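Here the chain labels run A, B, C and D in written order, and each chain numbers its own residues starting at 1.
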Amino acid sequence: MIPRYSRPQMTSIWEPANKFRIWFEIEAHAADKLAELGVIPTESAKLVWEKGDKPYTQDRIDRIDTVEAEVKHDVIAFLTELAEQVGEEARFVHQGMTSSDVLDTCFNVQLVQATDILLEDMDKLLAALKKRAYETKDVPCMGRSHGIHAEPVTFGLKLATFYAEFKRNRDRLVVAREEIATCAISGAVGTFANIDPSVEEHVAAKLGLKPEPVSTQVIPRDRHAAYFAALGVIASSIEHLATEIRHLQRTEVREVEEFFSKGQKGSSAMPHKRNPVLTENLTGLARLVRSMAIPAMENVALWHERDISHSSVERNIGPDATVTLDFALMRLTNVVENLVIYPERMDEILNQMGGLVFSQRVLLTLTQYGVSREDSYRIVQRNAMKVWNREGDLLSLLKTDEDVTARIPMDKLEALFDLGYHTKHVDTIFARVFAD
Amino acid sequence: MIPRYSRPQMTSIWEPANKFRIWFEIEAHAADKLAELGVIPTESAKLVWEKGDKPYTQDRIDRIDTVEAEVKHDVIAFLTELAEQVGEEARFVHQGMTSSDVLDTCFNVQLVQATDILLEDMDKLLAALKKRAYETKDVPCMGRSHGIHAEPVTFGLKLATFYAEFKRNRDRLVVAREEIATCAISGAVGTFANIDPSVEEHVAAKLGLKPEPVSTQVIPRDRHAAYFAALGVIASSIEHLATEIRHLQRTEVREVEEFFSKGQKGSSAMPHKRNPVLTENLTGLARLVRSMAIPAMENVALWHERDISHSSVERNIGPDATVTLDFALMRLTNVVENLVIYPERMDEILNQMGGLVFSQRVLLTLTQYGVSREDSYRIVQRNAMKVWNREGDLLSLLKTDEDVTARIPMDKLEALFDLGYHTKHVDTIFARVFAD
Amino acid sequence: MIPRYSRPQMTSIWEPANKFRIWFEIEAHAADKLAELGVIPTESAKLVWEKGDKPYTQDRIDRIDTVEAEVKHDVIAFLTELAEQVGEEARFVHQGMTSSDVLDTCFNVQLVQATDILLEDMDKLLAALKKRAYETKDVPCMGRSHGIHAEPVTFGLKLATFYAEFKRNRDRLVVAREEIATCAISGAVGTFANIDPSVEEHVAAKLGLKPEPVSTQVIPRDRHAAYFAALGVIASSIEHLATEIRHLQRTEVREVEEFFSKGQKGSSAMPHKRNPVLTENLTGLARLVRSMAIPAMENVALWHERDISHSSVERNIGPDATVTLDFALMRLTNVVENLVIYPERMDEILNQMGGLVFSQRVLLTLTQYGVSREDSYRIVQRNAMKVWNREGDLLSLLKTDEDVTARIPMDKLEALFDLGYHTKHVDTIFARVFAD
Amino acid sequence: MIPRYSRPQMTSIWEPANKFRIWFEIEAHAADKLAELGVIPTESAKLVWEKGDKPYTQDRIDRIDTVEAEVKHDVIAFLTELAEQVGEEARFVHQGMTSSDVLDTCFNVQLVQATDILLEDMDKLLAALKKRAYETKDVPCMGRSHGIHAEPVTFGLKLATFYAEFKRNRDRLVVAREEIATCAISGAVGTFANIDPSVEEHVAAKLGLKPEPVSTQVIPRDRHAAYFAALGVIASSIEHLATEIRHLQRTEVREVEEFFSKGQKGSSAMPHKRNPVLTENLTGLARLVRSMAIPAMENVALWHERDISHSSVERNIGPDATVTLDFALMRLTNVVENLVIYPERMDEILNQMGGLVFSQRVLLTLTQYGVSREDSYRIVQRNAMKVWNREGDLLSLLKTDEDVTARIPMDKLEALFDLGYHTKHVDTIFARVFAD
């Protein structure tokens, strides 16, 4: 995560001010319930809110850092500073709780906050994909397998496949959010020895989380592994769409282009360049986010009721993965919204290979006229290979092939070279994809 | 995937006989619908079933291999052999379809079959964990954080946390199954140019799949990335439980042992050894399955309407991940079912550190008697450090500390060293975990 | 690793017959030295060779498997069978050794054998690259950055870069071989308690290995992590070259093609297809090999003097990585040797964009005529953008731009559009790359 | 990379001031050579140094950022600011070069600078390991396989194995440094079309690099993949040593402890805790660094003469991997230097299991007295199992076993239980490890 690839809304989630604020809320809500249970004085719980419910300004954060440098324990440092704000009564705060109750619940709140932004991002991307898909629903475009011309599609159909893919990613993100939207206030080894389970329930409800059914000292890390794995899948889909655009922009194809603003320079050396740098950048960002799934999975096997090896990993990948993915989703949305699409060029490309893209239909028609599939294949292939060698277009060649003309009447043969045949189900597919 | 770590039920899913059988069913069901639509003769569709509905014996498989060696295309080889069985009418088979319609749908059927076994495995593991958890629900055991004695738990509680973790994994597996339970019969670039969408719907229904809302030439690979990522998370949980057992079996702990059969040898050199080799083995298997999430994610960004780079990956990780995970889950179930548990040893360990595990309760009690949290901490810590240095047990030391005795009455102090205090919510937690 | 992507020479290294043979040699050489040291009778050591020095036939392997099923320990099973061959005297075999002495040394011997094949593969690939590079040294070809036409190169230069890259990979393989070419015969915890260090030295020398300076029960796994990481880098280079060829074969480019044999079918549905399936396949194989670096690195942190978690990983990735890489290198060599290269098409592409590729030279020339770099850039860029919009070729447009014509004389301007200017250092570069 | 886990010396390498300084040096050295070649005026080259050779202060950096926001190209922004410093003559700077010439060479200079720090770190770690190894060379300590007591080692021997491992890692780092210590000034597609190869040679020499034998627009990324893979292996070794210490500090073992300073708090809840938090932290940091090998390998397959997907990856992992590894190595050095070692506790543990650790020697002795290996094994194992069941210590039990006493004289038997037997080769091993 570097500023270049970050948006402030997301980075602020990971800043100390937000973190300490969440810690404060956890402690203060817990104090409320502890007071209700008669474990601590009601007055103390009230005072925590009265004197502590204020922003974590830089000087408060500095103070916490100073204390931590001494005691080498972040939660204790936080509590010490809080005591300085609240006074004597602060000794009841954190009663029966353990650091991880605060840290783990806070981390999950941060992930939930981050995921809510990611869901908004996803909605914007989906809206952009849908808009551009409908705009280009009927724009014919080459379909390619193995990078080789195959049969016609429409450009809208291409975008519809990505809409569907990111729709699934949105669903995965919703599931991922549920995975980590839990709260644990269960004490040093998860037994609630020093704190009643109802405190956990109370804090969870206040923070919009579910109580973790059973925690040890920590919230189990399979949840986070699943979360970061979901982000890795989404990143891979970003790479997928980015790669598609990069391919379509290459000079020999030029069916689309990333928007290239006035004053922009594609290359310091070559003034003619207009490069798909945004989608190339997204490809790299995808690699980064994806790689974080592995340490997240390695974090699962904590020792006994917890060790702290996961912490240094999460201090990095928590911000890194969410900030990078947020940036990438917004950049991708921007690319899609402003993508320059060249329908004429798509048309040119469709006609580039002398009607080869209709080869399958000829094959099928031959079989319907009683030629075996094997023979049909050979007949069409031998003509197609001539087209590759630039000896003519497919229709012309077929017209001179007696094995074809002996079977298929000339008007039928010509009618096979029809684009509409290939796009006739596009509306059906759109109806499926954009159903809801 | 090697025979050593494989079970036949799972490997058979990935053998040619099963694969070709699924291909046959896809083609034959498709032919039925094509006949119904009047695209191919009804008689042909019938003949496919009549003459083709029989097992793929080794000689049939060999014949397919021979053809493939010549044409270098597996589906064409398959169709050629099928034509030899069915005769002339076979030319209508595969009408309007493309190889990937067959290959991708088949791969998903295989993954569904594999997942159904994994779900059974998971149920067995969950049953074993539940059984052993209830057996040991009230067996006190040391809880540890950072590998250091923390506070008491029960052994059943440990197992309950793993039950909850694998319950989540089961849920993830169900979601993963849905991810890949789709069917695509949409032709060369997904446009249904040569085949009606109703064929896809028909085949999907017959095979227990959902139609893929929009495919290109292939079923989109974000689905498979999500699938293998889920397997990676499950593998990580296997490592988690395996690591726990390995820790508990180490000589200095010896709270549990993997079952060690008569005649077994722990070491060729040291006749005294009884090693946790099964859980160590599981740790390695987990690393393998986990690593496969990365190439699965790299497979997402196929070029345009498809390239075939994913295929060599999936030919390996399809079998490797499912077979290895199946084996690992069953081995883990076996380990859990037969785990030798030593309650007396757990008791010994609980008492090993001179009552240190009760330090928090003393701390909290001091605060309730009006000592500040900071002072309470210092008082308890200085006594605890003496226990680490073997200068006595915590209770005895506290009894001689005036800062303590001046506040807490002697009988109250002694009462703090009570195991029951720590285990009082175990039933509550069990009720949460085993709710359904 | 599946038969489809395997070569027998490499798979045989990983078969039981070779493994047991290596075990036998380790034990027999150790026995020789033990006899020399007077630890065991000379006669016994002799008998081991006399009666045991014969191939591990299937029936011997079956016998070992049978014993292992009982004792659940592979080395003990092996020794038991050996004793059946050698008789009573076999009791002196393995004296003072531990299983890992045999297993680890054997694994390293297998890796060395595998690496020697990989080095041969690499030499063949390098030879093919060099041959094709020299053949096409002066064939002009478009150089592209960001997929966008940049400036001319030659096709031979492209191949020279891959030659250099695989030369580095060969060097890495040599280093990787050294990493794992060690032998440990140091006993149960590496102390040589029951065996003299000279035995290790003797066996190492006989097997062409170096003694491991200090082992625990095992040879340290950082060596193997480095080994598999090197393989992962090589795999990534295979993906690199494969990706280049896939790009150059795409229909819009068609500068090269994988050899397409008579009778081959590119698609079951579309008879016109000729797809770069070999390089796509290589892309997938590269993902597989690369992913194995992660579990190999996770294997490093074995517990204390060893645990066996690495074993299940290595039983898989040992064969998988080497067999797959061997297959991939040979397939790639085959692709390179038979690559169909189309110089005319390269020429067409060079001229496709109306001389845009000479934009930098015009820019530099303008600066030499006193125009500031900024202004020069703007002048060339505005003309280049017109070329993108198909409003003419660059030279014609520049000729009508007064800011250009006012500075650069017409004949000088025309002379800038010269291919030879770009290829003048190709021989220099070839001399650098193919120096040795 | 977060401040918490960073050292300023390393982070400063990655700051804009250092980056722009390196860019400046590349451009200025190149200008010198270009002037020498007569391509640009000598005066211009001089002026670049005279007016530009000064630190990149924050205001200069801000100015560059401002320009980049407009032109969206970092090198052009840099050159623009430089022109503002140098004046008119600056138009000759960057003559014939392309951005990547600057960016790639700079990145390699930064990696070299970073690696030089890492090498210093490594030397400190090696010195600490050597010092502590010699201090404890003869301190007996339990050797364990599978976490189970095996046979005695010494604590110094443990440290010697890590010394040897990190010595190999140092060697790998030296190789990794060579991998990336190259310079490319070869122009837009690596052909030197607009710049003479001698410029590259000159700049390389000035910066302590080697010329890249053949570059495209970029320095080939297999070099960087190998570099980051090497860092991943080193990280795995850090995890290895960290894991060892974590194990040895667990309460039941307590053979060593991380230094625990006065005033430090192990747990906010449990005042008795002293946790191995540094080594747990290192375990997490190792996971992070290791994971970066994957995107580095994915970066290798850049398209054609370059795409820019690698850049966003490297902007992150360049700093992240080196800063994190630097921090981790220094933290580990600190842990090793200050490790509290408890020889008495090691002695206690050695005696904990009733002499089981001598089982192999008894086994071997029985075979020397004519008992078959199989029978010897059974005899010792049956007594050992009794020890596990706490029915006595091994020597006492053997003394009552007639199969033993009938063979081995009592005094010989007793003499087998001798620690010195196991440590007799420690000096030999130390001589091997610390040879140079």
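As a convention for this text, a residue touches a chain if its C-beta (ideal position, glycine included) is under 8 Å from a C-beta of that chain, and two chains touch if they have at least 3 such contacts.
Note that the structure is a prediction, hence the values are computed from the model and not measured.
**Student:** Just to check the components: without chain B, which chains are still in contact with one another, directly or through others?
**Tutor:** So the chains, chain B excluded, remain one piece.
**Student:** Over half of the contact pairs shared by residue number: find the pair among C-D, A-B or A-C that meets that against B-D.
**Tutor:** Of the listed pairs C-D, A-B or A-C, the one copying the B-D interface is A-C.
**Student:** Using mean CA coordinates as chain centres, what's the gap between chain A and chain B in Å?
**Tutor:** Measuring from centre to centre gives 24 Å for this pair.
**Student:** Let me have the rounded angstrom distance from the C-alpha centre of chain B over to the C-alpha centre of chain C, please.
**Tutor:** Each chain's C-alpha centroid was found; their separation is 32 Å.
**Student:** Show the residues in chain D shared as contacts by 2 or more other chains, in ascending order.
**Tutor:** 79, 94, 144-147, 150-151, 187-188, 194, 246-247, 265, 267, 269-270, 275, 277, 280, 283, 290-291, 294, 298, 303, 307-308, 360, in rising order.
**Student:** Looking at the complex, which residues from chain B come into contact with chain A?
**Tutor:** Residue list for chain B touching chain A: 79-80, 83, 88, 90-92, 94-96, 143-147, 150-153, 157, 160-161, 164-165, 168-169, 172, 175, 179, 187-194, 197, 211, 213-217, 220, 222-223, 225-226, 229-230, 232-233, 235-237, 239-240, 242-244, 247, 283, 286, 290-291, 293-294, 297-298, 300-308, 360-361, 364, 367, 372-374, 421-426, 428-429, 432-433, 435.
**Student:** Going by the contact rule set out above, which residues of chain A touch chain C in the complex?
**Tutor:** Of all residues in chain A, those touching chain C are 144-151, 246-247, 249-253, 265-267, 269-277, 280, 294, 298, 349, 352-353, 356-357, 359-360, 363, 377, 380-381, 384-385, 387-388, 394.
**Student:** Chain D touches which residues of chain A in the complex?
**Tutor:** Against chain D, chain A makes touches at 1-2, 4-5, 70-73, 75-76, 79, 94, 97-99, 187-188, 194, 246, 261, 263-270, 275, 277, 280-281, 283-285, 287-288, 290-292, 294-295, 298-299, 303, 307-313, 315-317, 319-320.
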